[in-house]
């Protein structure tokens, strides 16, 4: 929950370009791996000193530098120096509360995306968390920054290693596409989970709605607000890339980006549909409360309407007047009992007529 | 219901262009028929080997190849090779969860549409299902892909066979138009059914609304969300075709496409109107619940207000005090009864005044 | 009501340009009148054979051919042949479920409008019906098609006959403007009626709202949905005409069309205002139900709170314990009665304090 | 109220340009004043014969002709002849139900505005009325038409007389700006009043909401609908003027018009804010009704739950069985009383626990 | 609260350019400080006579003149004369109810912004207030106008003094950017506070919702309406600046403005998210009221349904008929008690079955 409220205040008052990490505190070391490949060769290793990057920058082969952990400004700064990156870009990489965006700096394109993950929380619930992924896409290199170790890029790494598809025959822009595609594909996994939760919730709503059900619907609605916020600007980013706004991305890659764009639109539509369905579910919930209240009221009214008048009758013959002739009648008592029975049945018939029973 | 939640996850992590079928599992064989015609001749037969297609591709006559079943990637791939289709297109044909779209690849136009069908479900309800129809429209051929055998294209086939209208005098673009037109016409049939259900539901709402009525209204509302999702992008697709974005479609066909476009707009308007009406019906339902609750409360209040005070009176004269002079009065009992009667009638008059009776 | 659901299914599966009448079945003959005029002369007569039209088509004077009844395709086809009209246009004239539109075919402009009429229905209610009016506007002729005989065009006919205004000095485009103007003016009459109903309903809502009131509000809301659907595209049509999209309409007529356009905008605003007001009325209705329920509950609670405790007191002194000293007290009975009275009054004061009385 | 429903039907069926007054019937004479000025001289007098205007039309000095009362078509027609105004413009001046608009006729600009006034109604309420103000702005003259005598233009008249600001040094376009500015300024006065009413209403809502409060909120909401309708097109009009769409308005005046435009936007924002606040107030009102109903129900339930079971106990010991040993016990009666007391207290504690007390 | 309703009426009827202060009355003197700097030198002092400004205007170094207090028109007028500012600009500076805007006057750019502050109010509540900040940005000077002394610009002043970042190496446009950035950063602080309040409120809503909670939700919703109104036009202003609409702002500064623009979008998104969440919270509140009412009704119904029939039984055996055989049975009394117990238990079981317990 807290995530929706998190707003960076750490940076207020600092001059622009000051490198400060905004986000969850972390202590693990930053892990940097390099994958350098072209059609014929492949090199893969962990970086120990950032100066190693310089060698690869010059080479014509495609270099993918994957940086896991953005909580150490000095590391990010060194990488920035090495690749000649604008200080505002470095600032944005460190500030992990960005919305997706794309900025074109002639020599490279800076792309911010948000990656989703479904995380188990304390109360046995699941929560959708988002993490910032920044990409710097140059002519022959891609630097990707993730906050934590994840397995979303594994499929891309695997395709490069095993030379599946045409990724080895294509350049850095295609690699960037593959990474974006992996992130968007991951959205489908998250939405699949949401869809299943929704179906479970819907069954619950029909069979046995409790106030907890309504709470869960509201929680999911809020998740959708949150997802929406991540995906709408993403669509814009990919649209701009696919329209060829940057020269870094070649025409032949644009067709693949249009494909990712289609997927983003599908994600947005799914989110909007989920929202519509959740709103409908809330309405159903509220009208089911009203219905049940109606039922309760009917029971009360039927009971009261049948028994209160009869109680009056019993009360009347319980009065202590000296002169009450009925009290002495031989069949007075059974007659009253019979009258009560008949009156009760007439009432019941009346309610059945009215459709209350 | 499940349909809304279905999101393709099968393909996550695969390189683009990998041909995987996404959709319901099917086992029946793929059935391919060819209809080759021009003004003077007509050939029609089932394809046994896909290589047969090559002959027709070269011929100037219009060739319509209808593929029923897209669950076997190897078949789709062969057809793709034969007609020289981009791998991403083949991927989209196999992935049956696409939204309608149109892509122009110079030599051919790729169009994805969704066809609707009203299907009986287990619980005696009807459900609107949608199926993907993909068209590849070249200069002298149209390849259509359907998921299941359907009768929507029968009218087109019939017009070709019997040379009705000018379909035989026109080329592949007119054939594509005729197919799109057949699909859009089918929407009217579906909407006609929805309209009838709506009218039945409305009668029910006025005469005898139950919580089941509200559930049905919600179900129909969701159907509308679903229909909307299919039709809005369709309108966009046909608009682009009718504006002549592709050279495949000749100017003389554009006028017919504008006609289909008008129909799509009519479909959208009908859906929006249905949505508005359904929302209004929900409001009526909710206010009828409130009204009935009000009625119930009034009955309860009238009964309680008349009988509880009278019961007190009876209770008072049922007290066992030694010195209660009224008890010994000769006309005490009839007087009390009379008083009760009068009090009750006064109450009734009061309620009638207040308009509760 | 049924009107909203009517969707043409008769034509599904037919080749485009097939002339089929879609709409209510009618049996009366088609009536065609011709009015041919210029500044100096005027000819008016009923057409018996459609070939008569040909004479007027060639003449430079303005010819207005008014066709009442579009249920006989063969008549429409003949007229089409005579004026050389595209088959799709004829199809649209016959299909009376069109939305307003305008299509420019160089030699003539085809305009579809909807004319409203307030019709008495079985249940003593009024219902707003709409009828399709199609205009074919050529350089020296206007052909108008109506479904039924109506008096909306009478004022135009009158102005031509009596040479009022400048209609006789102007050409066919001005005549078309005058006809459109007559239709839009008619909307004001309908809206005036709606406005009066609305005011009556509002009085009812304030003085004595019943569930019937809410039903009527919903009916009017639906009428507004229906009106909206007719008028929005009309605005678009007139806007395009007034922007001079067609050469048929001269610049000097455009200024009059802009005037009609202003009227259409006024109509739309009135409809939107009515919708807003109706929504507000529904809210008032619902909150008045809640208020009344509150009142009912208060009455019940006051009665129960005052009398149930007193009944307990009476019950206590009605117990048959042998040793109940109070029963033997001389003033026991009056004391209890007094206590009851005081307790009841205290309760009443308490409720008055709480503002429930 | 009636104002929202007023729709002109008087003109239906008449040829365009026919001069008919549409609006409230009036009998007072039309009053025309002329103010002719330049930097050096000033002339001011009431017009007795419209021919007097002709003299001023030719003079290079700025002439402001203020016409109060538009209910006499023949007067408007004469003015039209004198200034050479298009008949459709004259028609619009007479038809006082126009929405704000601006039309450019090369020689002059025709502007329609709506002026607001807060009027005391019969029931001690205030109502916002609107009146049409039409301006004809030529190169050296401005003709303004008002329906009734008002004081909105007094400040402008004063500035001219006393040569305050630069109005005397500027031409007719600046005068037009000054008049528009005066009208928009007047909106602020109206809104100030609305704001005060709103604050009063809000206090009432918090302290003592009645169903009358809700009625007032709805009335104000409708006022906002009505205001909105007047102001939105006004913004459009001023925007077009300030963008220099007409040559009559010089560049140096445009900067002032942009200022008025800013004010209009402020007015619109205030109206939208009021609407949002009123919607929020309605929600508060409804939830306060629910809350109070809840309170009422709690009181009822507490009373019933405490006293009904005790009444049963009293009833049991009021039974007339011969063999009821408790009745003969020495301490039976006090024990029962004690039991009742304890049971009642336990109930009270239970409700306190539940937070109902 | 009052702020939303405050609308300037003081100026109604005055000629444009008349300098009148619109806003809260203040009495403190106007405080003017000057900071003049370039890369090498820095001068800072309080201005005693406005003529001092003239010296700095001519110098090529960047001059920042900070004016605190805009309630004395004569001071503003003098500054205007000194810097040659258009009278309408001065008027806008004095009128502190402006919405954010930007106007380009070739020699300088005039920017109006709103600065937020969270202020403690009488009732221990916090309220968000806004204050107008006007900037006049020339080629070598920036004049900033604030209503009250605040600490928002302190960080900028500090950076200039200590030569932090590149502010000393850049010109007046960068200074303007730094000031705008400081204001936008301040929004984050305010939103952080709102977010915390929201979380506290949410906890309250789940644990113990009272009608006060709903009032607070509505108050926060209104705050959001108010914030929205300030921030939306701000976004527009910064967007126009960053698109280089004014020549005063150099290309190298635009990149920084785009950064601020991103922040503004983040602020807007946060506000919209807060609004969505607050709406959701209101829905939760309302459904929790309904739920509790349901609970209350159930308790009442259970009690009434169990005890009222039993009271009837007791009443029957309290009747005084002479011939009631049961009264003489030896086990009559215990049998009735047992019957009552069993009946009560059966009822309880029935309610448990129904899920009411």
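As written, the chain order gives the labels A, B, C, D and E, with residue 1 at the start of each chain.
Assume a contact is a pair of C-beta atoms (placed from the backbone, for glycine too) under 8 Å apart; a residue touches a chain by one contact, two chains touch by 3 or more.
Remember, it's a predicted structure, so these values are computed and weren't measured experimentally.
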Labels of chains that are neighbours to subunit B and to subunit C: none
Steps needed, at minimum, to go from subunit A to subunit E via contacts: 1
Angle, in degrees to the nearest 5, of the Cα rotation that carries subunit B onto subunit D: 145
Centroid distance [mean C-alpha coordinates] between subunit D and subunit A, Å: 43
Mean-CA-position distance for subunit E and subunit D (Å): 26
Residue list for subunit C, restricted to those that touch at least two other chains: 290, 293, 297, 300, 304, 308, 311, 315, 318-320, 324
Overall pattern in which the protein chains touch one another (line/ring/star/complete/other): ring
Ring path (origin subunit D; first step to subunit E): D, E, A, B, C
Residues of subunit C defined as touching subunit D within the complex: 154-155, 159, 164-167, 178, 181-182, 185-186, 188-189, 191-192, 195-196, 198-199, 202, 206, 255-256, 258-259, 262, 265-266, 269-270, 273, 276-277, 280, 283-284, 287-288, 290-291, 293-294, 297-298, 300-301, 304-305, 308-309, 311-312, 315-316, 318-324, 355-356
Subunit E-touching residues of subunit A, taken from the complex the two chains share: 1-2, 4-9, 11-18, 86, 88, 97-99, 101, 103, 208, 211, 214-215, 218, 221-222, 225-226, 229, 282, 285-286, 289-290, 292-293, 296-297, 299-300, 303-304, 307-308, 310-311, 314-315, 317-320, 324, 326-330, 332-333, 336-337, 340
